[in-house]
Amino acid sequence: MIVTFDIIILVFLVIAAIISLSVKDLLAAAMVFGIYGFLICLLWAEMGAVDVAFTEATVGAGVSTVLIIATILNTRRRSTD
Amino acid sequence: MEAFFKEAVVPHFNFWIYVIIMMIGLWSVIAKNNLIKKLIGLSIFQTAILLLYVSLGVKEGASIPIIDHHAAERSLVGDAGAINPDLIANPVPHVLMLTAIVVGVATLGVALALCQMIYKDFGTLEEDEVLQKIKALHDDV
Amino acid sequence: MSDHLPVLVLLAPLFGAIAIGLFGMRDHRVCLPVVLSALVLSLCCAIGIVLKVHAGGTLDYFVAGWKAPRGIGIVLRADAINSPILVVIAIVAILAAVFTVRHAGERDTEKTPHFYILFLLLCVGLFGITITGDAFNVFVLIEVTALTSYGLIAIGGSKRCKVAAFHYLIMGTVGASFYLIGVGYLYLKLGSLNMQDIHTILASNESLADSRAIRTAFVFILVGIWTKMAFFPLHGWLPNAYSYSPSGSAAILAPLVTKVSVYVMVRMMVSVFGLDHLEANVEWGHFVVWLAIIAIAAGSTMALAQREIKKMLCCLIIAEVGYMVGGAWLGDPQRWGLTGTVYHILADALMTSCLFLAAGAFAKWHGAAKLEDLSGLFRKMPLAATGFVVGGLAIIGVPPTCGFYSKFYLIRGAIEAGHWVYVAALLASSLVNAVLFFRIFEIAYFGKNPVESHGHGDDHGHDHESEPVVRREPPLHALIPLLAAAALVILLGLCNGTVVEFIRTGLIETATVVSTGR
Amino acid sequence: MKAKIFASIAVTITGAILLYAVTDFPNFGDPRSPANAGVEGGSSSASLYYIENTYRDTKVPNLVTAILADYRGYDTLFETVVIFTAGMAIFAILRVLRNEDAPSAPDPESTNRTIDGDHHRIIVGITCRIAVPLVQIFALYVVAHGHHSPGGGFQGGVMLGASFILIALSGSLRDALARFSEASYIRLASLGILIYAGVAFLPLVFGRNFVDYGALRGLLGTEGEEMARSHGIFGVELGVAFTVMSVMFAIFANLSTRGRLKGGL
């Protein structure tokens, strides 16, 4: 565990979360959500939770994002908020 | 102020961030109008809980929860000091959170399926418009 | 094999679901025999558990055989509080399964196997929640029940059920997450997930029990479960979710899901935190009783305002949840309030099952979705109407139905705790229920002609002629579960003494555990 | 606007309660905290037991795998059930079995797929064709090597599912479904749970408790119960991998086509 690294990732996490929730373009939101997934996966690896990091990399950053994008492409891309 | 910062925030930095991320998620679950945005918020909300659990299993300076082969073999022949628990991260929260991640993605999948059906039936994913159209349905009947 | 009953009770439906997944997709005729035999097997196991608990006290089952030290494996725990609930879950599930013989998915008969897989997995989840002794395991199983519920609600064809399911999903996930946060806080302070372990540590360590993290943990666990059980300010998802779902789904969801959540609350209070701990450290217990009173009032008022049968029944569920939460929090020294709550879980599951089966049958074979549509019901289907009347009388609380006795015990607890407003709320709510149901009975009995059914049911083409009413009962697969539920409502009422005595041995046993733990 | 005010109030209250408790927490990274070492004066926590004894009990160096599949194997069974449930629920919600909007426009793929207009498809397609087997081999490695390195049934299963998703994304869903049809993924998902529940159930036949793989010693012909547990864990992980792979692909296939399993993104 490296404290500086920990703090930097945590701050980026908050930023990524806010961005992905405030973009109006849903596709962009989904992509930022993927970035959020990768960041948090880095965080797990940094905290020594390798198995969780692995799962998060496959699920959070991979499959979840793909599923959200599949839905967005089948519905509508713009949102009002 | 500085004393508060040193005593309450710095040693618990991870926990403070976990609360902040969770509140961002919860806020958007309640306040956002778009259903997909709500779901992204929900996922962020759930990852915040993962952050809580994983943070509480961290040990300063510890390694990953996989036992070194030599140390493991030595522990089998009775060398009590072969495995130092302080140098191995607590594996229990990791196990619990693997389950929670799986549950999260399962929920997300079902929710997205519901979103697609709602879009098919109402032609929109904005919550207020959906509710209006439902009200119109009520009035018809 | 009899040592393994606690795990067999939920393995039977699990293997049933797998069997349908493997063989039922091609040939839909496989489904029903598999479902029924799995559930009957579960019922036998549940009865076996009750008998064993009756003979030898609490049963502990160590999954994977890890006995010592406690808390490294998962423990299943059957005692006098949860074993009767297992039996009732199995019974209600069987009744609902029989009811769904012909019209499982309602929209697409092709989805029958999927409906039954979800149905069985829901039973797995409910059995699992009831019998587990591990705080985290409860979360996993809550999610199993939740996901199956979303599927079962949204399997219907109507547009509204999708939106209802979506709202339920959001609320349910947030609720389950709150529960998970609570468990996390407990783990963080106590280092254990085993319920009995948590209890021993809390009982032996005063300063820890009073700490901020533990208090917060309790609040979050409670709020999470309240969301799941639709306790009043958090009830928003329930009426739509249950009234727009297909009748077959509603017949199992409405009676069981909320009741099992109430059970989880009782379990958390009695054997995780411990009643003594709560009395010593939770100052806002009275506030919860007041919330329950508000819930009862709100549920009854909303029920009065409804025109649709199923919506009205859903509002009544909200009021009933208020009864149970209030009863559990009365805190009278003899624990009559808690006894009443546990007994009411059993009673309410059967009553609600009876009423929802009846409502489903009326919607399907009488085309009745609104109260007015019920006119002439007694002449058209007297037996089904009798079943409905028994359910209604039980909700009102007329002896000898079980509804009367559960209210009796709740009121006894309230009097001993000196909480007169709760007594008043219970009586007033009974009065409201009486008004509601006698209005329905009046319409059903004296209503002149069966109203031209205008497009509510699905296949009602045959009763358009409003000529002299022909007696036409619903088919046997709908009538038998309805009458069986009605009979059980009366039976449970008649046996109340035995059941209550059994439940009280469980409550007293946990109380003695507390004193030895100190 | 009303929702936003309400949300702000709810979030403020929840956040305040959570932060109120945070100050009471043990310090971040403290190896002596109750979760890591047990309550002061009480018995030591389960986590210490795991760290010290898992290798002796199961011969699995990766603690997470061992706890996941053995000590808390009961939880993981239901984790797999959750995944399976999600697959079934999505099918129940989304899958269109009757041809609701019959012959609409001709299949867009057949018109789109000319060599002129689709250069990127060729490049992407060939790259993916090379990548897919590698992904699958790595996924199998992850499943099989979960005892010694991070990974296991769930991660490997997701990767196997992702390899089929990759085929669907780079070529067309039809290609992917030709390799992994609907009937087979439903059956494979059920089979995965059957493997898990079956391996966990077998000890009952030998008179031992559910999930107690040590009872399989005679059946597997291993020396001690530890190796039997190790093999049992592998069997269970295999079941998880099957279910997760099938369901992940099923979810994608249904979501990307609105339940029609035709066309695709």
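List of remarks:
Read from first to last, the chains carry the letters A, B, C and D; within each, the first residue is number 1.
One rule holds in what follows: contacts are C-beta pairs under 8 Å (C-beta built on N, C-alpha and C of every residue); 3 or more make two chains touch, one makes a residue touch a chain.
Predicted model, so just to flag it, every value in this text is computed and none were measured.
C-beta contact counts were set side by side for B-C and C-D; C-D has more.
With chains reduced to the mean position of their C-alpha atoms, the one farthest from subunit A is C.
As a whole-number value, the distance joining the C-alpha centres of subunit B and subunit C reads 29 Å. Averaged Cα coordinates give subunit C a centre that lies 30 Å from the centre of subunit D. Centroid to centroid, with C-alpha atoms defining each point, subunit A and subunit C lie 37 Å apart.
Here the spacing of subunit B and subunit D, counted between their Cα centres, is 16 Å. Contact with two or more other chains is made by residues 13-14, 20, 26, 33, 55-58, 60, 62, 64-66, 92-94, 98-99, 102-103, 105-107, 109-110, 112, 114-117 of subunit B. For subunit C, residues touching at least two other chains, in rising order: 136, 140, 143, 147, 150-151, 154, 162, 165, 181, 187-188, 193.
Subunit A has residues 1, 50-51, 55, 59, 63, 67, 70-71, 74 in contact with two or more other chains. Interchain contacts (touch definition given at top) occur between A-B, A-D, B-C, B-D, C-D.
The touching residues of subunit A, counted against subunit D in their complex, run 1, 50-51, 53-55, 58-59, 62-63, 66-67, 70-71, 73-74. Partner subunit B is touched in their complex by these residues of subunit D: 3-4, 6-8, 10-11, 14-15, 18-19, 22-23, 25-31, 33, 35-37, 46-48, 50-52, 54-56, 61-64, 67-68, 72, 75-76, 79, 82-83, 85-86, 89-90, 93-94, 148-150, 154, 251, 254-255, 258-259. Against subunit D, in their complex, subunit B makes its touches with residues 8, 11-16, 19-20, 22-23, 26-27, 30-31, 33, 55-60, 62, 64-69, 72, 75-76, 83, 85-86, 88, 90-95, 98-99, 102-103, 105-107, 109-110, 112-114, 116-117, 120.
Interface of subunit D with subunit A (complex): residues 29, 62, 64-65, 142, 150-152, 154-155, 158-159, 161-162, 165, 169, 248, 251-252, 255-258, 265. The touching residues of subunit D, when paired with subunit C in their complex, are 17-18, 20-21, 23-26, 33-39, 41-47, 49-50, 70-75, 78-79, 81-82, 84-86, 88-93, 95, 97-98, 183, 186-187, 189-191, 193-194, 197, 201, 204, 208-214.
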